[in-house]
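Structures given as structure tokens follow.
Both complexes below contain chain A, partnered by chain B and then by chain C.
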Partner chain A sequence: MKFLDQLFEQRSRQLAQHSSRRGMLKGLGALLVGGASIPLLPVARAAAQSPGRPVEEGDPSSCDYWRYCAIDGFLCDCCGGTANTCPPGTEMSPVTWIGTCHNPADGRNYVISYNDCCGKSSCGACLCMRDEGDRPIYRPDKTNDINWCLGTSSAAYHCSTAIVVGLAFEE
Partner chain B sequence: MCNSFNLRLLAGVLGAIVAVGHAFAEDREVPPPLPVEPIGIIETLPSVYPASWFLVHDVAFFHMSDGKVWVIDTAKDTVAQQVQGTFNVSMIGNIRQSAKRSEIYATETFHTRGTRGDRFDVLTIWDQENLSPVAEVLLPGAKRFMGLPERYALLLINDDRWLAVANFSPAASVTLIDLDERQIIDEIPTPGCALVYPTGTRGFSSLCADGRFLSTELAEDGSILRQVRTESFFSSDDNPIFERPAVMDGTAYFPSFDAMVYPVDVSGTVAKVGEPWPMVPEEDAAEQWAPGGIAIIDKDDLGRFYVLMHPNATDGSHNGGGPEIWVYDPEAQARVMRIPLREWGLSLAVSRGDSPQILVTNPVDMSLELYDAMSGEFIRTIDGLGQNTPLMLHGAQ
Partner chain C sequence: MKPGLLLALLLCWSLPSLATTGNSGRVVFDYQMNCQGCHTPDGSGAGSVPRMKGHVGIFLQSQEGREYLVRVPGSATSALNDERLAAVLNWILTEFSGDSMNSPFKAFSAEEVGRLRQSPLKEVEQYRLKVLRDLSSMSMNE
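On to the complex of A and B.
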């Protein structure tokens, strides 16, 4: 259930705020272990070897992947597509909503276009709701509560991509 | 020979036993056999639903063409007693009840081959007594609003003679339907403005990206008399309001992401925005409470409204629901009760009448929980209907 990700995240935060120092140290330890493992990821390692190439890191099938900051839907990476491609036999919506996400690997903010893939019933896997910067439907360019299978031959929503469409303007 | 004798003996004994049994049975008066039953009887419902009934709208997020609405009586104890009937709403549609017409209106979308083929958008009209689709109006242009359910995607106006249907294609407009004639009157452009909120008796207002209302007044024939844009009263970037108000006694109360309430006078033909007031008392400010969820708000008939609230609000937490319902008296501009939920709430609805009850969707297991709206006490869990994602709830009418 898509709400559970957020629910559990919120509960984790509440738990962390009210748990013991030992618990906090355990969490900190896990964070440090996780941090130590980041340079070992293939993408990061390749980047280290080729400093001229753009970098990003993380697991595109995980809801906490940096591009998914404003997403609400099934991750196409778990449905036969990738973070920026649709699964076979689906149709990508030409209109969509956007978010601005921070790429921790290069420190830049990017505009992400969350094009839906349409024409088959709900993918059902890797439901992810982050909603950062999401707005109600009177701001459609920032709304993920709409079925964006618009301008497609089928209105059936299948999954959502997260496509880098440019650098965000600095505020 | 020996075997033949034994068999005769056994038959004699059994005969005696049967005879004795019959004698006992006659003493106890044998009940008559079950009557032959008629075939083909279909249950019916009252034309106006009792106050303890709710409509549970499962949008079927995992199989959207199979959305369904349960009509349930929350006063009953078992599923068999609670479920009064169902009707389908295909592809995350929206519904609106008219007790006056004893009908329920639903926007739906179908493809001729399930998820593919030619697309048809329709307004389906269900009668409350039979839960049968008694009529439909084809909605042209593949534009009816389709998204997570809203209370104000459909609006009854002109004394329930007309229905306004919000469109998003992504161009925004409203299709006006004559419910007596079962046909479209007109399509009214609402550029940059979404949904349909009541204003006046023969009009509606829509909420715009630039923080204004667009109020549309209609003539007797349904044509546009005038459209007025109000002054901007919020920033959709910096202090957005929810598009989900509680409308009561001519005022629509819109909560905001940052926990203010914007009262909007909708009794006239043009929306009139009043002074906002805070939802969180000073003593709780440090906990950063804010509204959140899908059906986050509803009202009762006693002049109070109810909002799902969560602490530690952050960017992105506004759709996640909350662990408490806060009850407000809008006249006093004050919170009058906190109702801690047993677990978590994602959507709520309040029943009508003098003894209101609150039905809440618990997103942890997608069950429904019933609370007494006056005391805040938990009454019962309602589960096992077959529901998957009951994201929108309505107090029945």
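On to the complex of A and C.
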């Protein structure tokens, strides 16, 4: 125990001789200011803008909206829902068809899931048929010509959403 | 602040963004584009789409089961090449198996996938049922 006492005493004295309270405050201040400035760096800004957070421009009730590049159906945004949500009284299909769309606002490609809203008859408003990347029905996972109300309690199609799943992988 | 400390902090900060690029980014993208539409983001499935989450590892317990994962039409006839299909299958197995994988994981190689996908299954449900029945009787006999 005496050895430990001597060791701590020695170290404490060394610390007191070689450092100052101002020095400690200086170091602490530098750490706080430096830490706070890290989110301003380009690396941090790029990370903050990754998947699910595209720069949004355009009108989600228009067929020209960037996320609708492969849509074939009625826009939920015109039917009491939004580009991300189903109108009240309908159920979102968990089974969906997926493609990619280019977002001109940030110049990046995103994976888009066209989840249909089901359980009511066709909405009838804002019919859009852009069909980019649509494939014949013999590629069932890449065709939008089938009713995607699968896995829902009702197969009645009402409208389509266009949900951003993530950033597309670029080779 | 010392330059070394600043460098270390910068490195820590940028690691997560670096990690999302490279092969892990590609395999997740391939799953999203080729599987997720039916199997859902977390492999839960829906309706008649089988649940992979917590179950898919069972198929590795027999050779027929292992082959099933490649010969099922969604795998065998996908637009992915052998290397990328093997990567997606391995990712699915490590990501979704949970407790269902009770033996050491032997990853699929591009060569194995390329060979097995030459014979896509025609009667998928019957084959799957047989595989699961055989596995069930194997476990009862043990």
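Things worth noting here:
Criterion: the second predicted complex is superposed on the first by the 116 of 171 C-alpha atoms of A that agree within 3 Å, B and C clash if a C-alpha of one lies under 4 Å from a C-alpha of the other, contacts with A are read in each partner's own complex, and residues count from 1 in each chain.
Keep in mind that, in the parts below, a contact is a pair of C-beta atoms (placed from the backbone, for glycine too) under 8 Å apart; a residue touches a chain by one contact, two chains touch by 3 or more.
This one's a predicted model, so the numbers in the text were calculated from it and none came from an experiment.
Looking at the shared chain after the overlay, A:V95 reaches both chain B and chain C. Once chain A of one complex is fitted onto chain A of the other, the partner contacts of A:I137 are limited to chain B, with no touch recorded for chain C. Legend: residue contacts after superposition of the two complexes on their common chain; A:S121 is shown touching chain B, with no touch to chain C. Of the two partner chains placed by the overlay, only chain C lies in contact with A:F169; chain B stays clear of it. In the superposition on chain A, A:Y157 contacts chain B only, with no contact to chain C. Residue by residue along chain A, chain B and chain C are tallied for touches, and B comes out ahead. Of the two partner chains, chain C is the only one touched by A:V111; chain B is not.
In the superposition on chain A, chain A positions 95, 150 are in contact with chain B in one complex as well as with chain C in the other. Residues of chain A that touch chain C in their complex: 30-31, 34-35, 38, 41, 43-44, 46-47, 50-51, 93-100, 111, 113, 141, 150-152, 165-166, 168-169.
Across the complex, chain B meets chain A through its residues 61-65, 91-92, 109, 111, 114-116, 119, 142, 145-148, 150, 168-170, 193-195, 206-209, 236-237, 240-244, 310-312, 315-321, 344, 346, 363-364, 366, 389. For chain C in complex with chain A, the residues that touch the partner chain are 1, 6, 9-10, 13-14, 16-17, 20, 25-26, 28-30, 32-34, 36-38, 40-41, 44, 46-49, 74. Of all the residues in chain A, the ones that touch chain B in their complex are 1-4, 6-7, 10, 13-14, 17, 69-70, 72, 95, 119-122, 124, 129-140, 142-143, 145-147, 150, 153-157.
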